[in-house]
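All remarks here apply to the structure that follows.
Order of writing sets the chain letters: A, B, C, D, E and F. Residues in each chain are counted from 1.
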């Protein structure tokens, strides 16, 4: 029987400009759908596990389209509540070279911000689940989602389910102060923490690091402190060096309480950088759920993340075999025929 | 010196499905921009007059794109205030045959709903203007816009500018009761009223009429009452018979206090039906500002509206010469080479 | 608890020319997926019921894409076997006016032709099902599928499930003689038969009928004979008058043993004519499973079929509410806002 | 051995707006290539005969692209001279409903206007040819092409080759007076004349005729006079009634010296109306070269022309079998599978 | 009050192949509009200044489309004369890797070549202007434009307006000898000269330089001589090293009479290389008009030019803030959210 | 008189995903056509020689489209037999960065596998030919094609025509054992052999080599042995180092019996890597047929191959002048205007 991973969060419609066009140039948008936890659920299905995603979406054709997108991957969408005002949107202008990608969020008043505990039957949702994953973006969306995130984590822990939280601090959504207050409460119910920094304080996904001169000592100290304070089983973090909007290097760190492991580094030519962090998270979950040690799970996660950069959209369409092949070191990109 | 027409209202980004696709099928949207009064300003420029549009738009690239779209037509956008939360959106799924077009509005909290009188310098805006046009949609967007619409009409009248109001009642925006209260206040400052019905009570744009059996007597009675009550100089209304989403027939009525004139009828194969009413309004304004009598102005308006059905987008790209040619009866669509 | 409908057959990748182009002109194909029974399963889900489709598809990315397409609709695809040589394809050049649509099938050696009874666990597949539907195309694909169709019908009947068969005779797949031999065997296990003709003998979907001069007497006689001979509970048939590739008229007949009911007629402007028969079948199934009488079920089916003509692709994206609204007579195609 | 038809004239790049867009709206053009005589050569190849086209094109990639387009059809392009200033262009904005198609020609100084007799070896070009076709557009392009047209006709007649001339008067290219002077000289070498009117005097392709009230008597008189004056073997003319830019009716007339034959009438839904006259001409040539009588050849020509209206581009991609099938009366547009 | 910059020159329609296709492969063109001075006017508006562009364009829909394109940016187009034969065109096949971009100009007989002094009212055009910019391409188009360029420079200087000239020698338009004769006359009225070489003698924009081994001494000598001879206030030049059609490095030099300043170097991944020189010019003008010293203005110009390489089309859509940010050294291209 | 090169093999329709999409993401395919020997024939025509390609294709519109594609290049297609079951297809998902390109072949039962000697008149096909080229893929398609390949080589040699064979071993089509048996028979009739390895044994096109550490000694030994055993006049091989799916380096080796020559190395940014080997082969043939020595011919071939990587599709649209220019060392990709 395959493993079952439940995730909770927002799914937005993403509207991106085609052909390297800027917002002021385009007369069409490419449509896809994404959100941190939804992206994780989709990737989980790609790896042959069961992915369940719950959220709240408007009861119109746009909300239905978001659900249909998730169903393509095989994500179980039966627990998505319907109702509320609108589908959250975000607009993406992908960057090139030294021109950075631009994101305009239009997610205020999305249906999920009106979701309530009564919209979800945690007993049914978590039945038979092995893992629950959510992120620090979800509680940042509003008071309702903060309450719901805590409730879901508690419900999952009460059922003995492993939990993970990708801190993913976004400064446009809330202050660091507010984030710290809310997230610290959540940490009590979290087994695997992704992305913490020294002060818990949380490092932003967009932090840019020089991977050539990376000293892991600092991370080692921080992760140790964080682990001691919050009792996480694993602490992991993806690292990124942004040479330009077209070329990045990535690697990841994981700390299991004993040692800080540093993965291989990947130099990626970017097709679509969004969702790369979620690919790391879902790869890590896959690994830990399938009996890998921390180092191997992080290697699987960072390889999945590397492949994500080459695939359009927020969600990762890399297959299990492709990730495994890349972990083994096949980076030549030779034609498969 | 060409005539100057000022309009006030909302401009939204329109996201429509290409190739007859439904919302749940599409993976791209065609982008255009529209809004009743913005559409009128654009058409005014096409006819060689000066069009000025004022509104409030967010200070981001999407707001800029809406402005740039208006500038293509030559609309004077210098009085558009910048700020507020977001650009209003609407999603359009064009219909075919017996499948109706679907519209999903996502305009709540658009920047214009936060606009205030202090955002606009009416003295400068109306300087040298000959006409001011707005619609019943604008005050329906919220209290701020209702206040602004009234203030603008008053300011225009104080300068001796001719004013027009397209009642355009939309039942999803407000109740008929609330609409009546607000609109009646506005009517005191209106010279040309488009689209009233018996009770002032306002007939919806979407009313479907059998043009073959149309008895103009009813309209005659209503228009007479309305004129007497509100003192409009002209009352006009576009009429539509919807055979299917692909084929409609249209004509228009105008009443100048003496007689009710009924225009020629046009049977249109539809490319894009949105903005057809605004094309009638702008054609009517063109005619009345250029010394046509009521009947000729309405003929010009309905011909412009007919052409709009054949042009993608909310805004009419028909030229003055093309409308004039159609009014003269050239409907054969013969290739021009 | 919603009703559950199981279907069995082929699903092909459809490659169609865009923009009215001919095969020799195009340098791109639009991709969708379709097949008679798959189309029925998708529509069943649209109406809020559970649709299950089983088949066999190659274990490559193209087979996966076909599955993903079905999952968008919510079709349960867990019983689709994977393996075999290739995904069946068909190429479509949509017609316009007097230029007929062209179809080139490339379905030989599709994986389903290698499917065997051992690939499917009928006990699990039919568990809790209310209806089983298949068509005369499936047994025409080869000996394996003929055996499987019979086995599936027997298994369904053994579980007391209502069964339907859309005869759908295709002369390029087999001779009338061979078709008759195979199909007559199947008819023993069929409750609802769609599309029979006088000799059982099966009328082709492409038969063109003058709906203005249609005499239902002939149909009445045939349907009565067929019903007596095979014991069907209902016999139904969609009828089509092809004015051109752009405009058709359709209606349907149903016979319940007592009287032959003739539905309303729809004049349709065609966006995509493929799958219209499957839309009739799925609408009919919906109606009969939801306590409609034969006449109402046929009206629901023909309205669903009419809407299908306006939607790109083989599968019907009309919603339950839209079909119900059309049955009530709202054909004006007025914009919904 | 298949028949060989040589044609001479201009081939232009055509740049047309996609998706019903107007020139001021589009940000892309669809590219195809066309010109009266080039279109005839392409259709000739479609019918299984040998088509040869000669002209002059610039020695750059755009000229090469025009040649490559012709080669797709199998047209023999070896006699096309290379050199001169530029490729002729025309811009097309296809019309819809009462909005007429717009054409902007940009053909001045095209390479063909610099072509000279020395560029072409008529002995080789006409070797083994059965027919030579050109049009009244070619000599209208300039003095060089007028000289060349006359020279080519003389050379063809000297070799005993049947010749045809599609008068195709275009008032933007030359005055009626100038046209008459030049064309009358050519007529001496012409066997089959397409499109003359009373005064020779030439009716424009764009003449709009009411086919319901067409009296052929006038044509009979004119054609008789013209035939007597110029000694043509056949005189033919396509007729068009333009209901709108979307719907036309067409038929044709042919006069063989004895009687005026009027073909069947076709009501066409228009995809692309350009090149319809050339389709008539090429169909007529096919018929006359393949032993049809005048009436049958004209029926073949008008059926080919009807199909052309359903096909994008200037050149006709209808096959011999399709035209033959339509002549037989199969206009239902039923799907071919 | 924002600064006002007037420019004069040609604007052409640009037709470029999409998706890395070659001219002989494409069946569509992407459309944009560009010309050296028009590009400068557009960028000036992006930086919040007033841009005015004058030229002559045909009085048809294509000429209108070019105007509309400029108006999107906010360029003041009221002084563009209408008339003449045709819109100038150029065809672009963008290169990749070692395959160079190909340009085919089709600008002969463009309307601007027929422009006369009487078409423009220099008093009104230059009223309130701070800067006038033109290039060496404009006088190269023909005798009329050479006369006009001189007249415009004289008129600008007579009003005390700062003037700039981008020499931009194009060997396909005229000989070096002829260029020298004409340009030397213009230099008398020029304050800021872009792109001179040793002999005045003008270095072509396409000169390829090895930036790694660049010795600025040569430039220093040349610029000093040129400055002494022509009395320019500033002499500047963009430099380019072309590693391939996909990757270039750029920097710029400026000489203020005292020292030669060399800017930072940018390594750019190319989306669209056309108009990069005009971006340098407009950035330089922005800087000098806004109280930057020569070095800072050149840094602003080269940063603007670097960003241009990442944006499709001839005109630069980089904003003031983006250029300023890049000047500060933020080249990481990190996602902005 | 230009040289004439005949080739024999398969031509398939290629269906590739646009915009970096994966198979499971795309809803359209770009269409082109390709096959090793067809690609060679097309390139031969680009270089101004006569290319003849023979094969067997289905007698439907898809087969016709493949022929039309070849005709664009000027390939002589008159000897292509028509008939058989279907057009061979292949599906291509182009890779990026470390994500490899994926190919799914769907060529079983293609018409060529049913071709027989009686379908081709070798006397006419080889009349006046200077060269015959085929590959090891063709005999791998089935017994019929193996017989035909041998017969064609024998017929060519009997006429004294130079022959070449690109071994091109594809392990999905046959075993190495079977390949060796069949190919050794062919080698007797081959003058120029491309791609052999040590054991004759044949190195796969996809072998990845580190060009920085390439020792040519091994190749020297192998080529010498192979030459001695089979008596080839020239032995050549393209070499490829795959840094990623986006960046490769290539060079080539040629052995003329005396020395092993190693060409210049090209670092290519990849647009489309398919057909690069065929470009090397056709360039080599061009060189050897036009009096180049082995080294120069190989340089021409590898430069042609480098350019192919920058051009979409299987077939090379590089012109003779472009290849010659690149051989001379112009790799800067500077814009040509």
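The rule is short, and it goes like this: a contact is a pair of C-beta atoms (placed from the backbone, for glycine too) under 8 Å apart; a residue touches a chain by one contact, two chains touch by 3 or more.
Chain identities (UniProt): A, B, C, D, E, F = PfkB family carbohydrate kinase.
On a predicted model such as this, the values are computed, not experimentally measured, just so you know.
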Touching both subunit A and subunit E (chains): B, F
Identity of the chain that, by mean CA position, is farthest from subunit D: A
Maximum centroid distance from subunit F, chain identifier (CA atoms): B
B-E against C-F, pair bridged by the larger set of C-beta contacts: C-F
Length of the line joining the C-alpha centres of subunit B and subunit F, rounded to whole Å: 62
Where subunit D and subunit E are represented by their mean Cα positions, the distance between them in whole Å: 45
Computed distance of Cα centres, subunit F from subunit D, in Å: 41
Of all residues in subunit C, the ones touching two or more other chains: 18, 22, 24, 27, 68, 72, 102
Complete list of chain pairs which touch one another: A-B, A-C, A-E, A-F, B-C, B-D, B-E, C-D, C-F, D-E, D-F, E-F
Partner subunit C, residues of subunit A touching it in the complex: 68-69, 71-74
Subunit D-facing residues of subunit E, complex: 15, 18, 22-24, 26-32, 60-62, 64-65, 68, 85-86, 89, 91, 93, 102, 104, 106, 108-109
Subunit D partner contacts - residues on subunit C that touch it in the complex: 19-22, 24-25, 95-103, 105, 170, 172, 206, 208, 242-246, 273-274
Complex interface listing, subunit D residues touching subunit C: 18, 72, 266, 268-271, 306-307, 309-313, 317-318, 322, 326, 331-337
